[in-house]
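Two complexes come next, and they have one chain in common, chain A, joined by chain B in the first and chain C in the second.
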Partner chain A sequence: MLAYIIRRLLYAIPILIGVNLLTFTLFFVVNTPDDMARMQLGIKRVTPEAIQKWKAERGYDKPLLYNGTAEGAGKITRTIFFEKSVKLFVFDFGRADDGRDIGHEIRMRMGPSLAIAVPAFILGLFVTISFALLLAFFRATYLDFWGVVMCVAMMSISSLFYIIGGQYLVSKVWHLVPISGYAGGLDAGRFLLLPVLISVVAGIGSSTRWYRTIFLEEIGKDYVRTARAKGLSEMAVLFRHVLKNAMIPILTGAVVVIPLLFMGSLLIESFFGIPGLGSYTIDAINAQDFAVVRSMVFIGSVLYIAGLLLTDLSYTLVDPRVRLQ
Partner chain B sequence: MPIILWTDALVFLLVACAIGAGFYVNRREYLLASWRRVGESRAGMASLTVLAAFIAVGLLDSLHYRPRLDDVPGRTTANGYGSEVRSALDALLQPLRSGTEKTYSAPLATHLYAKETVELPDGSQTRVFPRLQHGGAHLENPEQDWGKDVAARTVQGLALAVLAALTFSAIVVQAAALRWGLGWQATWRRIWRGETQFAWNAVLAALAVLMLLAGPVISLAGGYHVFGTDKVGQDVLYLTLKSIRTGLVIGTITTLSMLPFAVALGIVAGYRGGWIDDLIQYLYTTLNSIPSVLLIAASVLMVQVAIDTHPDWFATAAQRADARLLALCLILGVTSWTGLCRLLRAETLKLRELEYVQAAQAFGASASRIMGRHILPNVMHIVLIAVVMDFSGLVLAEAVLSYIGIGVDPSTISFGTMINTARLELAREPVVWWSLIAAFAFMFVLVLAANLFSDAVRDAFDPRVAGRRVAAVAQEKAA
Partner chain C sequence: MRNFQRHACLLALVAFLSGCGEVWNNPYPTQDSGKNILYSAFTERPKHLDPVQSYSEDEAEFNAQVYEPPLQYHYLKRPYTLIPLTAETVPRPRTVDAAGRDVPADSPRVAYTHYDIRIRPGILYQPHPAFARGPDGKLLYHGLTQDDLRDIYSLRDFPHSGTRELTAEDYIYQIKRLAHPRLHSPVYGLMSEYIVGLKEFAEALKAEDRALAAAGRQHAWLDLSKIPLAGVELTGKYSYRIRIKGRYPQFAYWLAMNFFAPVPIEADRFYAQPGMADKNLILDWYPVGTGPYMLTENNPNARMVLERNPNYRGEAYPGEGEERDAAAGLLADAGKRLPFIDKVVFSREREGIPYWNKFLQGYYDFSGISSDSFDQAVRISVEGEAGVSPEMTAKGIKLETSVGTATRYFAFNWLDPVVGGGQADAAARERAKKLRQAISIALDWEEFISIFANGRGIPAQGPIPPGIFGFRAGDAGINPVVYDWVGDAPRRKSLEAARKLLVDAGYPNGRDAKSGQPLVLYLDTTDRGPGDKPRLDWYRKQFAKLSIQLEVRGTDYNRFQEKVRKGAAQIFVWGWNADYPDPENFLFLFHGPQSRAKFQGENAANYTNPEYDRLFEQVKHMENGAARQALIDRMMAILREDAPWSFGFHPKDYSLHHGWVANLKPNHMARNGLKYQKIDAAQRERQRAVWNRPVLWPLGLMAALLAAGAAPAVIGWRRREQSRGRA
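Moving on, here comes the complex of A and B:
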């Protein structure tokens, strides 16, 4: 087991190097720092001195890969690639364009992001699995049919509609919760209720339908027929046999996103003014703050790889047939 | 002067491919059988009818040209053509396009939604809702005549729609009657009760509903802004119709652009194995591990920087916006090919061990021939299902990306840009709801139709579902 984990962690290294090279190419080779400076300072009426100053302030004035003017190891380390990309590996993100430390900002914003993402994830999983079980229990009846119709309709609605509509109805018309904002401590509940609810509702359609398919596939299998032949009630069959076995494909989809919960939700956070990582990313995209976007890309891929590893480990927990070597 | 934008060219290429595929399938009974099953699905055929209406609007909107400027003295351009790019749809909707008001006006309104200070003849000033320049401009006395006029136009539109629906149904029934050698009534009964193989009743019903909705809208649009106007006074109906093309382009071109990579790499990885497989797997794991929104954001930002720093690349604003749209499609394609590639690799791994592939190897067929002639046709159902399933997700993604600011060019009319400009309107007092609702409603219908159609296609082509169907039939027979 331990050997497996270590080997998987070693596999992650080339992937992270690949991610790093890709972002480096995107941000520094396809468009040179000069282009970025011109973009930031305005296309017209920009002097070469202003560009030089902009680049020097942010440390973009060094050569890309090899610094011939530096001494010794500085030939490699005093380059954009080393300072901006390699340092990501030790989670040294540098500073954003507004001069703030990105690492500090990320630590500050993680809390609010998790405060929405974790309850939304757990509640969403619970609600969709319950609905799917319900539909599977009443399979091939009108309830099942209209349930599926509802699911297809719900997954055809844009997530923006859920957010805008929910905000309008609950906050503006009914005045139940504040429209947007965030506060620490116990006060946060008021602000979190609606975003959590909306993210759960927005996910119901597609997840319920997907889980229902999984349940129905399991229900058709022979061991279920055996369980029924033993005289077990339909409820017992559903909960003790079908649900357990269906957890394997459900886990594949669910566990992989757990680490990504840290990243928060771009849309929800920006609509509700939650100071989390999602709104941080959106702000960075809108302000074209490449240092922040690059850091978030790197963190995102680290978390994704962690999610894959967690998925594999969770298999051993729910499926005794799986052995990791 | 006709202009072919990049996306237009790709759209027409796609249409050509679809027609070619149609002929190809038509000559092969085993492929036709699966498509017949799609044709049997009522939900599938009804949604296909709706999709066809959307596609027709989108295709009309893809025929672009630059109108010739009238010889106005002092207005000369390099070649005598305006720099504005229009489409055939614009020409059709000319009254809607040019009939802009000052600012917001409610659906079917005759007056503006905001008060303005007007000077009365006696010199005093008062604040009133001014009359619209186009909406209801033909009415002498809007307070009295408005209700009557709207009702008359609605009835007129409905009557025309009923007429059109009946005519079309009659043509279909007549054709079917000739073909089956049945009487008119018997044919009609057969179609109506759904006893035909092809779900004609669903098609006719969907068409009738579409016409009943479109008839009054068309008839009312002659005198009013049916869905109101937005902040700068543009007709919302015009904007939603223009958005359709953007949605369709993103939903189709994206998949088209990623298909060659996904198919080729997936099959090669599965068939060849070894270091090639490792390399391709590494490639897609790496791409997959970057959260797609961030990868899209990073790429779009880069494209934007490139476009903004090279204004000389494009002759017109429309071409620049089009380049950005195409870039968005390609970027979405790059981030979305990995799933299909993985599926194809797994399927190829399975197929590679089957007897018919081994037989081909024993005959000495080259690897490329085996992959192209023996494996590719047998994984095409996966490709087809992936294509139709991706479409609706991409249409939805466009709206979200445009909201985040990494979608289409702000000057491109799309559901996303419409929602983005309208999202603060609900916070206004009084509320402006029509542009948001119009955008969401059209997007909902498009995505719902795509979802239902893709379900029908998947049910017909997925061997696992097909296997279940065979089992069900066997059970029925046994019972």
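Moving on, here comes the complex of A and C:
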């Protein structure tokens, strides 16, 4: 098992370099260091000297990927790509292009992102699995038919509609919770109620259909027939046997997103004024802050790789037949 | 056990709801209810709060309440008038010759202008740890080690703070900071052209900085006080002199901007200590000033809070203004001590919908009006007067309108061979001019304002907006190339006139008379999203009126800027907001030596006209008066004839505020208006309670619907279980 984990972690290194290179290329295809300087320095009365100084101070005055004027390894190391990327691998994110500490920002914003993402994830999982089991129980009946119709309808609606509709009804018309905002501690509850609810509702359609398909596949298997033949109640068959055996595909979808919960939700955080990592990323993209974009993409990649590893490890817990070598 | 769980849930719900107070949707802590707090919002996080770097409106909203330059604009008077802020009087510029002898302002011997500024004694800085002193009189926090900083994350974590009196040295220190090699003051380039010795000072600082870097101390504090700046002189504890090369009457306006606000050397040293920047403890994050407010919370992800500066000296509310101000109740507080509001909470709102709805619920005290909410908020009367809608009137919401000190325009690149005016051949120049004039007539800006700005703008007759010296209203102020004066209003010339000009330009029916090829022009714009399509179609339609094909080249802002910078854009849409209320700040946009493509200046159209340039050199140094107006009139005539821009419109600002906000008057120059504003917090509390009563029946309805939805499932489940049991 340990050898497997080490091997997977080593695989991660070229993946991270690749992701970093891709982000770097995409970013600099759209933005030149001059553009970044102008964005930070403003558009009024900015002199070419000020732009040069800004770039020099932040190391953006070097070639992007290959430095033909340098000697030896300097051809690679004295480039923007190398200098900006290498520190990421020891999680030194450095400073944003506006001079602020990225690590500090990430630490500050992780809490609000998790405050929405974790309850939304757990509640969403519970609701969708329960609903999917219910539909599987009533398979091929009107309840199942209308349940699926409802799911298709729900998954066809944009999440933006849920957000705006939810804010309009719950906050504006019924005055039950604040429309947007955030507070620390216990007071956060009133600000999180609606975004969490909307996150769960917005995910019901697609997730329920996915889990229903998994459960229906399991229900048709021999061991279920055997369990029924033993005289077990349908409840026991579903929860004790079907759910347990459907865990592998459920875990495939669920565990991989657990680390990504840290990254926050771009839309929800933006509309509800939650100062999380999702809105941090959006702000950085709008401000053409490469340092932040690069850091967030890197963290996202690391978390995704960690999620995939965790998924594989979780298989061994739910299925004794799985051995990782 | 089940009963216990039910009771626990009920108790948690009660505790949760009781935390919400009388209304449940209040986004602010209940303990703040009824307090003298103003609530506002910001969309973009400020990039800079360092007064030497900050140059945008959204940053000034905070900085202008904290920092106090020597001068300010009168809050109520129009046209905009400079008055003292920390200075005792508005300095009278003194012109001298090269030997330092006084000479008249219009003398050709003028070599320098002296601004002698005397500040008031007794002004104190806000409480700040940079000023904290121990019992021995030594500064407490100026030798911090990494250990000392271990548990420090914000200024609040320093147990002690102190203050000191504002002196003239602090103003000098800030002027020196304009040339700081590690800061990037956007006005350094301009100021180095005027302030005597600023360039040399910057070179000396660079050398000092290089020496520090060579010694391995590249982040060490750069002591600006050690190096003298020839053009700024300390003449007393409370007085200093700024020496300007030649004459630059507009310099007084700069003295009302944060670039010339005081920065205490203690703060600069305090923030420069090793380890401070790693914790965002920098002047760019935590301003230090003498103004009515101090920034006590800076979390630009969520909220920023200004609180009353306990050391503020107090300033009196103005006793005079425009004629209508008394009737509007704006003079009712004359002579009262400022500021009126204890605390201002700015919440981050990235999206317009929550912002607007929270304003309607009374959780923001004022709001702008987006296009989406315009019809809900505003009604235009048959006379064309804007007022609030009945829905807003019922809530006591009021509308303030004002014409901004800005101009939006269509620019023709002077370097372009088709629409520009830089051709060697006089006939070709004339053809291009006629083409620009024809397009200027065809572009129906009245229609544009009506369709795309909800009527919020007035068509521009030239670059200078109303309220700025040089603007002429009425018949005398119209652009005769584009408008006729009919009755008592300007009327855009007919399309026939435009078509005739087009024929004269050599493009009858939009085709080149020689080659027969259709005339295709290119518009560079940053509008390229689906929401921009109607506007782009409108542009095409305007050119199509003259049978000219318009190719729109949508691009991102960076590419757009680059094309303009290189002079590669043929026609483009842009705008200009005034830095200060002087015509020079608009006229310089056409000054040849400030061409964007040639000299990286602000003349984005790269327009050049020797007569205009000569007049500009005269006008920029003149005091406002009849002589200056006459020259400006001539310059306007040149611009209208040459038509390097199709003068678009001057935007009108519409803003809403609740009835409990008082003393609100739009001021496009002064950003320090918070100290004049007042709120009736008790009235706000009552209105919030009325507008935000929780509606509970939907909760019951939802529970009933859920139960109704679950019932068939439960019944079906039971039936199945029973049938299985029987089987």
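The criterion applied here is as follows: the second predicted complex is superposed on the first by the 285 of 325 C-alpha atoms of A that agree within 3 Å, B and C clash if a C-alpha of one lies under 4 Å from a C-alpha of the other, contacts with A are read in each partner's own complex, and residues count from 1 in each chain.
Methods note: a residue touches a chain if its C-beta (ideal position, glycine included) is under 8 Å from a C-beta of that chain, and two chains touch if they have at least 3 such contacts.
Every value quoted in this text rests on a predicted model; they were computed, and no experiment measured them.
Touch criterion not met for A:Thr252: it reaches neither chain B nor chain C. Of the two partner chains, both chain B and chain C are touched by A:Asp35. With both structures placed on the common chain, the touch criterion links A:Ser130 to neither chain B nor chain C. By the touch criterion defined above, A:Pro14 lies against chain B but remains apart from chain C after alignment on the C-alpha atoms of chain A. Contact with chain C, but none with chain B, is seen for A:Gly99 once the two complexes are overlaid on the shared chain.
Within the superposed three-chain model, A:Ile305 lies in touch with chain B and out of touch with chain C [touch as defined at top]. Of the two partner chains placed around the shared chain by superposition, chain B and chain C are both touched by A:Lys172. Which of chain B and chain C touches more residues of chain A: that partner is C.
In the superposition on chain A, A:Thr226 contacts neither chain B nor chain C. Using the contact criterion defined above for the overlaid structures, shared-chain residue A:Ile164 touches chain B and also reaches chain C.
Common to the chain B-facing and chain C-facing surfaces of chain A are residues 30-31, 35, 38-39, 43, 164, 167-168, 172, 270, 282, 288.
Chain contact summary for the complex, chain A toward chain C: residues 30-32, 34-35, 38-50, 53-54, 57, 98-101, 104-105, 108-109, 134, 137-138, 141, 143, 164, 167-169, 171-183, 186-187, 189-191, 233-235, 270-273, 275, 279-280, 282-283, 287-288. Taken in their complex, chain A has these residues touching chain B: 14-15, 18-19, 22-23, 26-27, 30-31, 35-36, 38-39, 43, 152-153, 155-161, 164, 167-168, 172, 220, 260, 263, 266-267, 270, 281-282, 285-286, 288, 290, 293-294, 296-297, 300-301, 304-305. Interface residues of chain C facing chain A in the complex, by the touch rule stated above, are 16, 19-20, 23-27, 29, 45, 47-48, 55-56, 181-182, 184, 186-190, 277-280, 282, 284-285, 299, 301-302, 347-351, 353-354, 357-358, 360-361, 363, 556, 558, 561-562, 579, 600, 602, 692-696, 698-699, 712-713, 716-717, 720-721, 724. Chain contact summary for the complex, chain B toward chain A: residues 282, 285-291, 293-295, 297-299, 301-302, 305-306, 308-309, 311, 392, 396, 399-400, 403-406, 415, 419, 423, 426-427, 436, 440, 443-444, 447-448, 451-452, 455, 468.
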